[in-house]
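Listed below are the structures to be examined.
In what follows, chain A forms one complex with chain B and a second complex with chain C.
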Partner chain A sequence: MLRRFRLEEPDSVTQVSELLGRFGDNAKIYAGGTELLLAMKEGLVRYERLINVKGVKGLSDVVVDNGTVRIGALCTHRQVETSSMLQQKLPALVKLEQNVANVRVRQAGTIGGNLCFAEPHADPGTLLMALGAKMVAEKSSAKREIAAEEFFVDAFETSLEADEVLTEIRIPTPGANSRSAYLKFGYLERPSVGVALALTVNAGTISDTKIAVGCAGPAPRRVAEAEALFDGKGTQEAMRNLPAAGVIAGRAAEAISDLHGSQEYKEHIVGVLLKRAFQSLVS
Partner chain B sequence: MQFQKEVEISAPREKVWQFIWDVDRFISCVPGCKDAKTIEEGKRYTATMVEKVGPFKVEFPTMIEVIEREELSRIKAQASGADNKIGSRMKVDLDVSLRTQDDKTILGFVAGVDILGKLAALGHGIIKRKADQVLDEFAQAVKQKLEGDS
Partner chain C sequence: MSKAMSRQRDAQFIPVSFTLNGRSQEIEVEPHELLLDVVRDRLGLTGVKRSCDVEVCGACTLLVDGRPVSACTTLAFEVRGRSVLTIEGLAENGKLHPLQQAFIEHGGFQCGFCTPGMILAAKALLDEIPNPTEEQLKHFMHGNLCRCTGYKKIIESIMAAAKRMRSKA
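And then the complex of A and B:
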């Protein structure tokens, strides 16, 4: 049962930040509520106050601005999956969002809430990392960008400060020869393993590779060591490096043995998904 | 969940043994452990364990019972506690061993940890990882305290 709480309804980011600063651990931002309210109903977390941010204007737009796609933190998964502009600029993100949970969750849940809750089995963070995304964090007195790699600290933990609010996700618009994919695998409600790959192919040579792995461990991780096996290589040579890259990426996932699979199994699946993602982008 | 850890300490076995029974100093090495009290010297103690994973916090008022004690070499203890707010229980079977290697002491821990109730919804992997971190920090803190004294 959901316990009683006080609902704050600020209408600006500054007010949200001030409320967070004033009430500390006793308050939590409430957006879609798809994860927070479940945890509260289960009695796993208790908050005296929820800060409803749905009334804050300007946080639910998707725009392209100077080579950057800007997604407001309050955009729902449904908004992202049905955006024709995102379908054109970031089709891998649209495809990912089409497969997040179920349509009821996607209709209510926000991309910002998903990232801030930092549930280890969530999908978006992994792809955003491979897409070179930056999270915009604001508080009363300051605004900063946090690279996706720096944003996810641990399971359920981000690098946001206590009074900071995630307001926007900024993704560089991929170039004409850039491609990206996100593949996941799981047999329970949430994925066991997620792998994201982004790269550019120019005249048969690969560059700007970004690999990220998620769901298997506590938080999404970028795998720079495996990226080096693709960058500057021809597609055939990169193909030959796939098994080695898969092993490195599997290790980097910091996979945890649990009901979703053993550590070894998840590491293996990382390699399989990386290979499939690569083949889907370079064929 | 089973945990195993060994820590090499540059201090004689007698000193490590004494340290273990100095409840306040020993408990100060356990991350998140507070309010340690001796109920019956050498046998029963209480303490409160406070741990946090992201927004999830647990507070286990814990009873620790020493079940077996072999002077300078082994302690077997059991700890149990419940967090009624979250509706979760914890039970730990702890086996602590000491042995001498060259001029050092090897302090070993084998712990069987059971978490029951709603907390388990966080997932076995996440809880195990947290418990691993706590044990690592604890082992390092014990090492630092004892070696810092010498």
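And then the complex of A and C:
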């Protein structure tokens, strides 16, 4: 059962930002609604107004521009998973999106909404972090880029300012020798653990490693300390460093014990998934 | 003035013109009304079921412009200008859709509660992929739960319908 709310239907980012500024905590942006409406139905959050942003033009395109893949915040998961361009440029993201929830949720839910809602058990943020993504935040008077590492603050909390709107996700197009993978594991509806790995292999030497872990704790985290165990190493040496990297990544996940598993269990699974991700990229 | 009446006076009503099972409909909804409630309680089409209420089980699946949605978590105003198909609109001129026929012939249901959602989701699948592999079928139908059949008969039903629909096309 949903409580009554009023609906605002702006058609520009500036208007959205002004509405957010005017109504503050009493209003919330509504896009796909797949997560927000559930929380509202449960009575976990209550808003007097929802700001429907689906009428804002220009936020649902996927384009490659000057070495950057740009995904509009209103792109649905389904749009991402069926984009032939993304299949070619970022196959790991396409695979991740193919396995988000179910087809109905992917049809309605947007990638921007997913990131802004910052549900700890969401997939995309973790991989986007390993892909070096930046979030574009706009308000009436300004526009800035937020690195994925800076975007996720805590469970259900991002670094967006109260009147800022996420409009786009920018991902550097991976080079020819770059590879990336996202693996997740769980036995409930949402994953218990998600691990993303991106790296470049040139003539048997690894560089530009980026590792991120998610779902296990409050928010996705980058694991720079574990990356150092791969960068500049040959694939054999890196392989030998996998157990140590797994332990570091497990700790960095800030895993908590809950219905999705105990802290120790999740930390262990982080290591397992990191190893499998590495093996899938470097064989 | 009663509390209910004053609340009514402040309410926001959104005109919604849409197509329901091929016929145009004009209704007014409040922003918070859910598609599931409007279709079941206001329009009287009870094939669509409320079950998990959290977009997991698929019993409330409807097709909006041919794509499956969870009506339990879709705001009713969202169907403005769109075409909604419920299980009641699937048979044409009294003739069952091949999916409905196949579910009967292959025993694709027991209690039947998940069946409207199953069949509509399967229609969306076959409209997109007329000749799915079993893997593709399972992946697409992963969000529709049945607690009776163990799924084997459902998969057989959809595969049989796909074959029949291809041979007709």
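Everything below uses one rule, namely that the second predicted complex is superposed on the first by the 283 of 283 C-alpha atoms of A that agree within 3 Å, B and C clash if a C-alpha of one lies under 4 Å from a C-alpha of the other, contacts with A are read in each partner's own complex, and residues count from 1 in each chain.
As a convention for this text, contacts are C-beta pairs under 8 Å (C-beta built on N, C-alpha and C of every residue); 3 or more make two chains touch, one makes a residue touch a chain.
Keep in mind that this is a model prediction, so the values were computed, not measured.
With the two structures aligned on chain A, chain B fits next to chain C without clashing. By the document's definition of touching, neither partner reaches A:V63: not chain B, not chain C. Looking at the shared chain after the overlay, A:L37 reaches chain C, while chain B stays out of its contact range.
Figure note: vertex chain A, arms to chain B and chain C, all at CA centres after fitting on chain A; angle 100 degrees, rounded to a multiple of 10. In the superposed model, A:A118 makes contact with chain B only, not with chain C.
Contacts of A:M85 after superposition: neither chain B nor chain C is touched. By the document's definition of touching, of the two partners only chain C reaches A:R104; chain B does not. Residue contacts after overlaying the shared chain place A:F156 against chain B, while chain C stays out of touching range.
By the touch criterion defined above, A:F5 lies against chain C but remains apart from chain B after alignment on the C-alpha atoms of chain A. Put simply, the nearest alpha carbons of chain B and chain C end up 12 Å apart when the two models share chain A.
No residue of chain A contacts both chain B in one complex and chain C in the other.
For chain A in complex with chain C, the touching residues are 2-7, 33-34, 37-38, 41, 50, 98, 101-105, 107-108, 189.
Residues 53-57, 85-87, 118-119, 121-126, 128-129 of chain B touch chain A in their complex.
On the chain C side of its complex with chain A, the touching residues are 7, 11-12, 14, 30-34, 53-56, 58, 61, 67-70, 73-75, 77, 121, 124, 139-140, 142-144. Interface residues of chain A facing chain B in the complex, by the touch rule stated above, are 28, 39, 42-46, 118, 120, 154-157, 218, 256-260.
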